[in-house]
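Some structures are shown below for you to check.
There are two complexes below, and they share subunit A, which is joined by subunit B in the first and by subunit C in the second.
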Partner chain A sequence: MSFMTLAHYLQIMDRSWRSQDGGKIATFISVRHEHAKYANYQLEMPEGLVDKFLVSPVDELVVLHLKCLYYLGKEDYLTAYQQQSTLVQTFAKILQAQKEENWSLPIMYTICSDLRLIAQQAEKQKVGVNEKPGEILEKAAECLMGCFRVCAADNRSGEEDTKRIGMLALVNQLFKVYFRINKLHLCKPLIRAIESSPFKESFSLSQQVTYRYFVGRKAMYDSNYKSADEYLTYAFENCHKASRKNKRLILIYLVPVKMLLGYIPSKKVLEKYDVIQFWDLVQAVCQGNLKLFDELMEMHESFFIKCGIYLIVDKLKIIAYRNLFRKVYLILNTHQIPVEALQCALEYLGQDVDLDETQCIVANLIYEGKIKGYISHQHRKVVVSKQNPFPALTSLT
Partner chain B sequence: MESLNSYIVGTCREMCPLEETEMREKRKLLHVLEILPGTETDWMPKADRSRMVKSFSRSAAGKAMQDPKNLRPPDVLLKTLNYLLEDVISRKDISWTVIYDFIMDRLRSVRQDLVIQNASHAYCISILQPIVRFHAYASYRLCEEDINNFDPVINSTHLQECLKRLLCMYDCCDELYETCHANSEEMNSFLVENRPHFEAFRTDLVETALELSLSYRNNNFVRVCRIIKQLPTLLLAVGALYLPKIRRNALKVMSVAYSCKNLVFPATALRSLLLYDDEEALIKDCKYYGLSVQERGLPPVHQDFINERLNNTNISTLILFGD
Partner chain C sequence: MYNAVYYDLFSGFRMTETSVSSIPPPPGTENPPLPPPSAPTNNSTSTPNHQQQSNWPPYYYNNYYSPQYAQFYAQYYNMMSGYNPYAYQAMNKKEDDDKIQPPLPPGPPLPNTPPSTPRSPLLNTPKQFGNIRFQLNGKRLPNHNAMMQQGNSPNSGAAKKKQLNIPKPAPPPETMPPELPLPPLPEGDKPPLPPTPQYDLSEIKPPQSGFNNPADDWPESLKDYVHRSYAKCKTAIDKNQVEIILKGKITQAYQSGQLNKDWSTEPLPNIHSERQAFTGQVKPVAGQLAQFQNGKKGLSPGLGARLGARASTLRGKSKSASRSRSRSPIGKKRSKSGSRSPKRHRASSGSSSSGGEEAFKPQIKNAKKNKGKLCDRLGPTKKLSGKAAKKQKAKAKKANNFYSTFGQEVEENNEILQQRAARFNNTKATGSPTTQATPINFNKGPAFVIDKPFEDGSAMDFDWSDCHIVGTCQDLEKSFLRLTKAPDPCDVRPVEVLKLSLQNVKDKWMLKQDYFYACDQLKSIRQDLTVQGVRNEFTVQVYETHARIALEKGDHEEFNQCQTQLKMLYNETGGPNRNEFIAYRILYYVFTKNTLDIMTIMKSLTKEEKSDPCISFALKIRSAWGSGNFHKFFTLYSQAPLMTGYLVDWFIDRERKDYLKCIIKSYRQNVTVSFVMQELAFKSTEECIEFLDPFSLTFVDNEKTLIDCKSSMAALSTI
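Right after this comes the complex of A and B.
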């Protein structure tokens, strides 16, 4: 079994390079394309053959690509990574030398995401002693930065053929690396570069969706929930409806952010995108059922941690407190709620708190404007406002 | 690439290579703690061979970092560590900031030698653990010091760096070294203090630290203070460094939540809630913040209840072997 003959493949490459068909070369230089699976492409020393068909500089790229395939076939991901890394660096030089043209950008997109994927594999394979986790991915990021600099520095070309249009795809690749190796602080300069770019609106929609997904997540980690909501909502609404997996990913972050801002997701949406784990949580928060809340936190702990939302979901507990206290207020039907009553409700729901801690929880709610009123320590009473003591969460800024 | 799996093994049996001893003697770069007694006032002080310790220097172009005779093998590093944390640390005749600077620099060079030789996990762990404890202890002991004498940020950078390495080590070998667990919980809880690390081993202390961290995030100051009080000595000391921040947030929230013309909050209750030594300290803080809480916080200060516990502990033992 084989794909097409190597000679045929090389001829296609030659023709595409001459006709500046970036898209075609991108397809045929991808390690994810069908040809990559066939043994006749996996060559340790392809130089001789390649030189017969191809001229500089594309010959070098193809040689490195075939070598990379060779090591991938052997499942030696570290060496494969090194080949691919050289490939990207070589390409960056070629790209830099191409003035006033940007037809080769699709090649960059493909080899850069291949680089990241191979780096991830190499990272998994690495078992050595003393090795730092994330080291290979970090190197890959440096390599991607090389391309990014070439693109960002291209400020002489006209709008039609500027390489700066390639920046966002690289930024997205870099985001993927930085989020994986937990180096979020490195995202800031990238975000600044994109936000100040004159081509901000001309990047392709799919890239914009990816970009907003990551920027939204970063805003969430920075406790900047309003802007997290904005970015993630854009991503969710503009993500292609066939990309259910991506829509689901966006929802995993959008749901807790929205809930923190006082919006409740519908069961239908949660079911549709297979994030029904959140439904019980929604119930627990709305009812102020802290016992259920604690149980859910424990039950879904590894899911929440894996997605990196454990801390923000934990914050929803504050909303649950508010809802519970509101219930106590409605039951007692008084503006002077004894702290004992609140503590009693908390204890009933399995919370190990005394009067002081109950007061502390209430104090925080008052400070955040979620309860209107004040606490009297002498009388151990929470005195709430006669008008709208528990304002709607969505009305808070 | 050729030397991917081959690392140099040091041959230096002293705490300081001969070459460096001679060089520093000649250039008058000896530390007070390294000078041969009796020659301190000489024009050219002599080196005390038995007390010389290799100092830290950055790797730079043209410098041979890999000469085996300038590298100390792991067992010598362990000896050096013990010398620093048992003998030097307990010197009473020299100011503690000087001792700190000396030990910090020399421990850094211990770490450097460790990395160059790619020492085994067992050695790395047994050397890094006391280093972490040392930096933790120093952060409390020197918290009232002037910035010129002690930089808390640099100290904490070193602390975090060692911790990170230590955690990677634990990840690699938690099956191999069951015995490390007892100590590792304490190390993990250091980290948890700043940022929950969930893959950490689930033990009681880690569980407590996790709870502390989450309560801190949600500004549940009552619970935070209660947990801090129950921590083992060294962690208690580190926790105390967060007290000014905790108190500031608490006072900020309370000044809003308890604000009513006719009502007051008793100082005695507040004092015990926020772990103040006495009411005077509490009143001082309140005055500092005035009615509206200022943005800039107060620097950490020593707490009597912690000092008492520290004074009853042997510092060397605490740092070398943990609580």
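Right after this comes the complex of A and C.
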């Protein structure tokens, strides 16, 4: 069974190249396209055939593409990666030579994202302790940077034809690599390049959503929760509703960030996007149920760590403390809360703390403005403000 | 197919030598104008090889050759310096070589060919492949073969239309590619470059008669011997090796005037494949090619990719397998009972008698007061008085002396071989014809270290760490010097010496605590290990030692380097102190506030590892730090196990300041200094006051026992 003859395929390529149909070439040079599955496209040495149909420079691209398919067919991802990498480098040169035109950008989008996907596969396939993890992805990132430079340097062309419009797609690919290999510091110059770009608003919405998702995550890791909230909210609201998987991914980061800032997600949303794991957590935090909180942390530890939100979810415990202390305050109905009472509550919920540690927790809450009041060490009392001793978290700056 | 290309590159290289050694002198001179100081030596040194080598056609050269042989080939390359990066290395090296080698007698006269023949630019570029087939029988190939690689190669379709339009199998004279001659090279230091083969061809054809072929003078038995040696070869590596061995033998025979001896009794060279079959350990190395592939502009990207791809599939598979990997299981739990007295800890690398293998075993750091100095943790020698330590030092010295005399004996026995070994960068010494000749220095470490094929970077940023050597230096101490060229075996210490060196550093550290000295020495030990590709328990020891010393002295940078290396080393060889260093790494990331890497570590931890006292301590510290539970943080700090306390010290002040701010902001009216002292884990009031003093806090009393928090609020910004 075959898809279409190779000759036909090559004719399509030839025609599309001549008519500068970047989108079509992009479709047909993707390793994710249907044709990639068929054996008649998986050629180790397609040069002879390709040369009969195609002219330079597109012939080289197709040759490399077919070779890449060959190695993918053999599941030799490392070699396939090498082919794809050369393909991207070759394309970068072609792109650079194309002045005042940007019709071929779709090709770049496709081959770059293919490159990253193959690199990921190669990374998985890599065995042996001597290989440094992330090495192939780093190489892929270098390769992508090559394209990025070509695009970023194109400041002569008019707005219609500028290659700089391709920058954001590359930045997004680079983000994906950098997040995978934990090299977030490399994102900073990319963010700066995009933020200062005059085409900031003209990038396609899908790219902007992706971009904001990553920038938001980065802000979260930098403990910059306000801007993380901003970016992630934009991403969540503008993400296409059919992309449920992406919306779910955004929510995984948006929920803890929002909770830290005092916003509680509704159960409906969590159910809709299949992140119901958060619901128990929401309950635990709202009730100040530290015991449940600890249990949940242990239960979902691997999930939280896998998503990279363990440390931020861990911080929600502070909110839980605040809510617990507020309950104690409401029960005792006094402005002078004995530290012993707080300690008792903590111990009841399975926290192994002494008076000094309790005091320290309260001190930290006061320091962060989550409780208005002060501690009298001499009297072992927490004296809370008569007005609004536990201000709403959302009101904090 | 792969082998063919690989092999061709090497044969291409061999052509080089021939070309070089047959450099025609300029008119009117007897000798080629070589760099004055070393010229005679070099010239004569090369001559015997010339005899042997001129079997191969002098078509052209390129710089593809195995860097292992750099030193050996140095003598040739310094004559054709110019673009070749290795040539420069080689030139630097030459001086040393000359010291080692006795000058050789002058060789036969060089051919008289007009010297001004320009080089072809095409062939001179390092990007060009020379695809000359290696001919075992020493006959020349029809010279068109030289230019035909692109066309002949079955898979170079993409490349071919980019290449010069060369008529396919054409008769020799017509195959000259249209080339522009280079302008004549400046005369001066640089010797004339070899004549462009294409231009010479008409003049020097047929080769055997066209120019002086010393091999013609060889006795039949020698020729037969050479043939038999090559007949044994199975792979390109074998051929390389045999060639080197033969060169050495013939050179030696020539020197000692024994060229006419009965070669039929000479044992055949011990070749790589045989040894491999015998030991079943050494894997063939096939990826040398890779380094030259990607990023090469001259190549058609298609061709480069294919070559690169092919080579890269072999990457990482051919890591020297001869390395002994007696490892202790990763994550093996040490029994850590309450009082951890330093126990004798014998590393399992075994064969050393240096006694320098006691791993640094830190003690648990229990009391706040006696944070054990590293020297307390230096294992069994810790109780040594100064005198005893000196004694031990002397012992070490003695051992070293013993060692070196022992080494010398061996050197005497195998003097010539040793010499040659040094010249050859000696990885090939193990392949020398007389099998008992393996010099002592080479007993250990990777026996055969072409090692891992090169990264697929460009040839220019060639990674020297990939070409491993075995050192011959016997110095106990050596200062660190960043390598700017290929390491020279006579500057590199073999593992045996390094073990003594490490002990020496430890001893001196215990005596003097001179960090500058220790760091310098340890860095040079690390460097020697790196260039020799030694990655075993001893390497782990060295890095652990350095990491601990750096830890104690707060050298963040060195510590980070060491712990990064250790992370990889533990993955490769394991080590009993793995968990301890995982804990240090977690704390280091807390220090650098690198939450992402903390997360990565947490992801990789197993249940057992999490219950390790050291790691669990680090995780608790992390948790307390993450949730702002200062009280817990400082309580934990005062119970820090092993050397974790030193790491926490790196950021303890940062946390103290944070907590102090927190206290001042949340406590009213006053807090006692003793409370602050206790909360901030200070050992004494004085220390606490000393810490508080710079912050212009307001005290209630003159004795400074009570801090007025409200009035001190103004000082918050100064903290």
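Heads up, the rule we're going with is that the second predicted complex is superposed on the first by the 397 of 397 C-alpha atoms of A that agree within 3 Å, B and C clash if a C-alpha of one lies under 4 Å from a C-alpha of the other, contacts with A are read in each partner's own complex, and residues count from 1 in each chain.
Going forward, a residue touches a chain if its C-beta (ideal position, glycine included) is under 8 Å from a C-beta of that chain, and two chains touch if they have at least 3 such contacts.
Treat the numbers as computed from the prediction; the structure is a model and nothing was measured.
Overlay on subunit A: subunit B and subunit C clash in the combined arrangement.
Once the two complexes are laid over each other on the shared chain, residue contacts for A:Thr90 go to subunit C alone; subunit B is not touched. Using the contact criterion defined above for the overlaid structures, shared-chain residue A:Glu123 touches neither subunit B nor subunit C, since it reaches no partner.
Look at A:Asn364: by the touch rule set out above, it reaches both subunit B and subunit C.
Applying the stated contact rule after C-alpha superposition, one finds that A:Lys315 touches each of subunit B and subunit C. For subunit A, the partner touching the most residues, choosing from subunit B and subunit C, is C. After overlaying the two complexes on the shared chain, residue contacts for A:Asp114 are found with neither subunit B nor subunit C. Residue overlap on subunit A between its contacts with subunit B in one complex and with subunit C in the other: 129-130, 132, 305, 310-311, 314-315, 317-318, 356-357, 359-364, 366-367, 374-378, 383. Those residues of subunit C whose C-beta lies close enough to touch subunit A in the complex are 154-158, 160-161, 294, 300-302, 304-306, 308-310, 312-313, 315-317, 319, 452, 456, 568, 571-572, 595-600, 602-603, 623, 626-632, 635, 659, 661-663, 665-672, 675, 679. For subunit B in complex with subunit A, the touching residues are 118, 120-121, 124, 168, 171-172, 196, 198, 214, 217-223, 226, 250, 252-254, 256-260, 263-266, 269, 273.
By the touch criterion given at the top, residues 129-130, 132-133, 301, 305, 310-311, 314-315, 317-318, 353, 356-357, 359-364, 366-367, 374-378, 383 of subunit A touch subunit B in their complex.
Across the complex, subunit A meets subunit C through its residues 44-45, 47-48, 50-51, 56, 59-60, 63-64, 67, 71, 76, 78-79, 82-83, 85-87, 89-90, 126, 128-132, 182, 184, 221, 305-306, 308, 310-311, 314-315, 317-318, 356-357, 359-364, 366-368, 374-378, 383.
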